[in-house]
């Protein structure tokens, strides 16, 4: 059981590879390096949102406000841009601080007011929608932040900047989860909050960190999405809510908390993007395409996602 | 005389929700005060109609969450129910059509349940995939809004008279109460909270989960049927927003994410809160920005109230 | 073979290739109390899980009511009249006491559960096992001892022909245990076949007629109880001679007080006054669920509490959070390891390190080699055998308890709050734990020992406080602590609180 | 006398704007035009207050909110429908109470209301497809980008386009997509198609920000952009100019909202208003593109550049047969 559990990320990776190879043979363009690279670029946004989501889910919560935070950060960037800030660094830091702050507020509601994470983050998403109506379409200026533009489109050495950012962040998140005390506390909190608390884990601080990290990751993801799209808009974050949760669960992290790894979310994100790409090139009615999509997800899940037996 | 064991148990389960009931009641009073027409026949009918589909999907979601599951396919199932009703009613008549709707929900629900329970896949992702499959089916059956519902059915369910709808709601709640008081109902709680204990106590855990999914699917398509009747037609994407709203209602209502904890009353109160809040904000003349912000705050406050009041619940 | 109610013949079971039972046979007969003994991890619970249909054996067969089967389902077991009091309780936390007692076997009327019949029957059974109070309370609100009583009532509800009890008394006090023994004798007289597992030798020798001893999954004895001595028992279970269970008493209490509170109220506890000195072992006794646990939790900062005056470890005031308590050097070992002590799905190693994560202030990376050394040392100290990367839920109940205790050792806490620390622990390990407590005391640590196992209070403690209905009703110094005096105080028979 | 309006309602009128979802920028711009028109009409003493609801994307909530508007006895209700059919009954109920109901943008199928301000979605699709077929000389491989499936605007535009494309056997549809009317998902879908389709001659985009996404996809993959249809989304218009493609854009002008408010007041004020108010489909071509881009800075970057409007313009459309 343990060995099987441990290899869930591996299984998901294998599934991705098999899908790529099969699809590559079926359609030569699909398996070309630029296309694979493009899919990785798309996956990097889901992957970053999924990183925060993984941390939160492992810590026994769930973050339903990720979509709104991603959108918020794309809309807020122009508002935080000043003319003296020629490198755009201040704006970028400002956006990251803002998104982290939103995450921390989630954490406060959950740890101090004891509001259920689903309710707190859903309410936060609603709250942010109201804020977005105020902010959007107002004084927005065209994106000319050099850092964000570079992140979204540069390909140093033929490798996309956003993928590199993703790789670096993945490394950090993996280290955080599996090699730091804080990471261990996330697992403890998710596995059994009561036992964790009686064993001296500071539940409030740990909860706060988890949601803060999720906010930060959403901010980063928002910057990437903005750079790749050249333009932010209200609703740009919408696809990432279900995608991040799906990537987390496809990667073998238990939605009930306490078990999992970001190492599974990585192939999970790539798998989602890949299936979406596959379905796009299939010529079928929209209804049929949805059916195919669902069936593929379910089928691939059967290969990689079975839970351990009860007895 | 001491109240009987049954009522004592019920009372204990309810006590934790008093703050939520309080908030809901307060909002209802405010609504009635802002709009006295609420207490007319038609006013009550219209309000009940707004609430009814959300109440049904909240029940559907609650049943699953009590067994430790969750469904992201609620919205698609509502759409499917609406579409099946609107496309078949003309040809087959209302009775057959309604039976078809219920059968569609039962079958899809039971199938999802079987996948979750027997193949041991996480409910959240199975139902996410299911939402695409079911939503796709709805689109295939009816690609563009249309179809029709027999006018008499619309009039009975969604006319100016609340009797039938309220009756139906009461019937469902009574049905649920009856089910809960059967061994199968308690099995739902046990299988959700502690499947090992349930198994050791001789409960058929898998069957219980599949039954929960089936009932839940049927409630969703029933909601779809009602939406079709309310609108007089079918729309293949009408249900989309019900998924998140059903979860919000249920969690607001104190149903735990880990299974076995919570009550149907709570879930219904949660759905009522989400419904009445919209009307109250309208009659207070709030602009959309304020509506969003107020909605976020009301939801958090309704849940945080026990803590804010200094009352301590077991961790 | 005259009448055999339930028998296992030559059963074997392995978990992931590790053999746990190897060709074990056991035979339960009506009107006989059969003891099943063995160290932690010997395979006792596994065997009874097979007998009751919760697990299927890899090989071997079962004889039930004259029929031979290769395995049972829980439903079949129930039909055959087999009921089990599980060691890891099989209760549903959010359901009421009554609903749990009847779970899976409700009497129904017109399809509905007959709640009034259930109320009557549950009340009857609760009276029988000595559980008082409202039957509509959910299990999650009950202390462990009372849960154990519910679990027993649940087994009795099924009118068993075969009753299997897996450490039913591990958190019961002397009084409840006595009541249970009387009950079991009555069942025996009525022809029920009983299988009894316990690590409390005294009980076993009193109650049982026949004994099977398991060692490392193999049967090492199957014989009548008559004529057995405790030493012989230990030899059979452990394979070598036993020393005395309890170390010789020798107070290590110093003058310096580490806890001095008055007017403490928390949960059930009302207006309690308490002092604790360095090097002292202070016992906490009484019937189950009289507020002892709340008292410990309050001192640990894990439960809202207030006190008229309080000094703890030199600082004024109670601690108000667990982290603050840990910082001051207070540690707590809960009784309900599954719910409060352990992360069941996580590795043994991870569980042992838990408070260290909590303490690490720097964000530096964890060092695997140091962690490994630390946990290996703890495992050796407490004789937890095997691979430490296994999930802790794969350990036997007793070994889980050791892990829950072990995790605090590296912290060198100044005050140890122990809630039934030897619950479900085998004799050999109990002995080691007792020696350890003595050593701690000698090193100047202060210990509060809440125990349901009265001999522990008698032999280990400098003083024993007895609680009843949330009040401290008696304080007994070492010499005056006896089983009788504790029970008397707990029942309110003794006069007011005696001076120390 | 206009349909629904009973004549017992006296100015100044109260207007309800039943929005399906106020967060997207198109909706925000539309609400702005309604607000300014209402302010204008208030000055004229014709409007007393404007009440705005937001159904958060749910047709069911929209029904509930329209019902509340009926309960509050608003004089007029402006609707951008979340579903072409779902609002039929509640709209009829409003009509029966003498409330002027005006539907615009996403229209309802029903005719039991005061007026529908119609930009014909089918015609939209037909014109776009005709332009594309002509531009490609009736021969070539195209992608068709649709809005979300199951939504009437999207389905109707597509139906119109298909009608035309059937007449051009030389035009081959390589693939169709369905995405929300947003640029990022469109970019993703088109990029995926670019890799599997080596030869694409045109992109028949049927709306919103889809074309912007498509152009970005071509640009980012280093493919030469191709003739493309689209809508007046600012980013698309800017990219159109930048890439120098042959382009065509229709427009669902945001001032349809303002016009709805205007029409409602006219109807309430006793002027005859036909149930079908046709607005000719405004089109942007290579020739008129600069005039739109010249005003770009007045519009949000993620918004739509609509043509100027005035009450006189509305009046002229109303007068049209």
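A few points about this structure:
Here the chain labels run A, B, C and D in written order, and each chain numbers its own residues starting at 1.
The working rule: a residue touches a chain if its C-beta (ideal position, glycine included) is under 8 Å from a C-beta of that chain, and two chains touch if they have at least 3 such contacts.
Just so we're on the same page, UniProt names per chain: A, B = ABC transporter permease; C = Sugar ABC transporter ATP-binding protein.
Keep in mind it's a predicted model, so treat the numbers as computed, not measured.
The chains in contact with chain B (ABC transporter permease) and with chain D alike are A.
Using the average of C-alpha coordinates as each chain's centre, D ends up farthest from chain C. For chain pairs A-B and B-C, the one joined by more C-beta pairs in contact is A-B. Look at where the CA atoms of chain A (ABC transporter permease) average out and do the same for chain B (ABC transporter permease): the two points lie 29 Å apart. In this assembly, the C-alpha centroid of chain B (ABC transporter permease) lies 42 Å from the C-alpha centroid of chain C.
Centres computed as Cα averages put chain C at a distance of 70 Å from chain D. If you average the Cα atoms of chain A (ABC transporter permease) and of chain D, the two centres end up 33 Å apart. Counting only residues that touch two or more partner chains, chain C has 54.
Counting partners per residue, chain D has 22, 56, 149-150 as the residues that reach two or more other chains.
In chain B (ABC transporter permease), the residues touching two or more other chains are 138-139, 143, 196, 199, 236, 288, 291-292.
Screening every pair of chains for touch gives A-B, A-C, A-D, B-C, B-D. Every residue of chain B (ABC transporter permease) that touches chain A (ABC transporter permease) in the complex is listed here, in rising order: 72, 115, 119-122, 124-126, 128-141, 143, 195-196, 199, 205, 236, 244, 247-248, 251-252, 257-258, 288-293, 295-297, 299-300, 303-304, 307-308, 313, 315.
On chain C, the positions that touch chain B (ABC transporter permease) within their shared complex are 52, 54, 74-75, 78, 84, 86, 89-96, 98-99, 103-106, 108, 111-113, 115-116, 118-119, 122, 134-138, 140-141, 154, 304. Interface of chain A (ABC transporter permease) with chain D (complex): residues 27, 29-30, 32, 34-35, 38, 42, 78, 129, 132-133, 136-138, 140-143, 153, 225, 228-236, 238-239, 276-277, 280-281, 283, 286-287, 289-290. Per the touch definition, chain D reaches chain B (ABC transporter permease) in the complex via residues 19, 22, 51-54, 56-61, 63-65, 67-69, 71-72, 83-89, 109, 148-152, 155-156.
On chain B (ABC transporter permease), the positions that touch chain C within their shared complex are 4-6, 8-9, 11-12, 178, 181-183, 186-187, 189-190, 193-194, 196-203, 256, 260-261, 312, 314.
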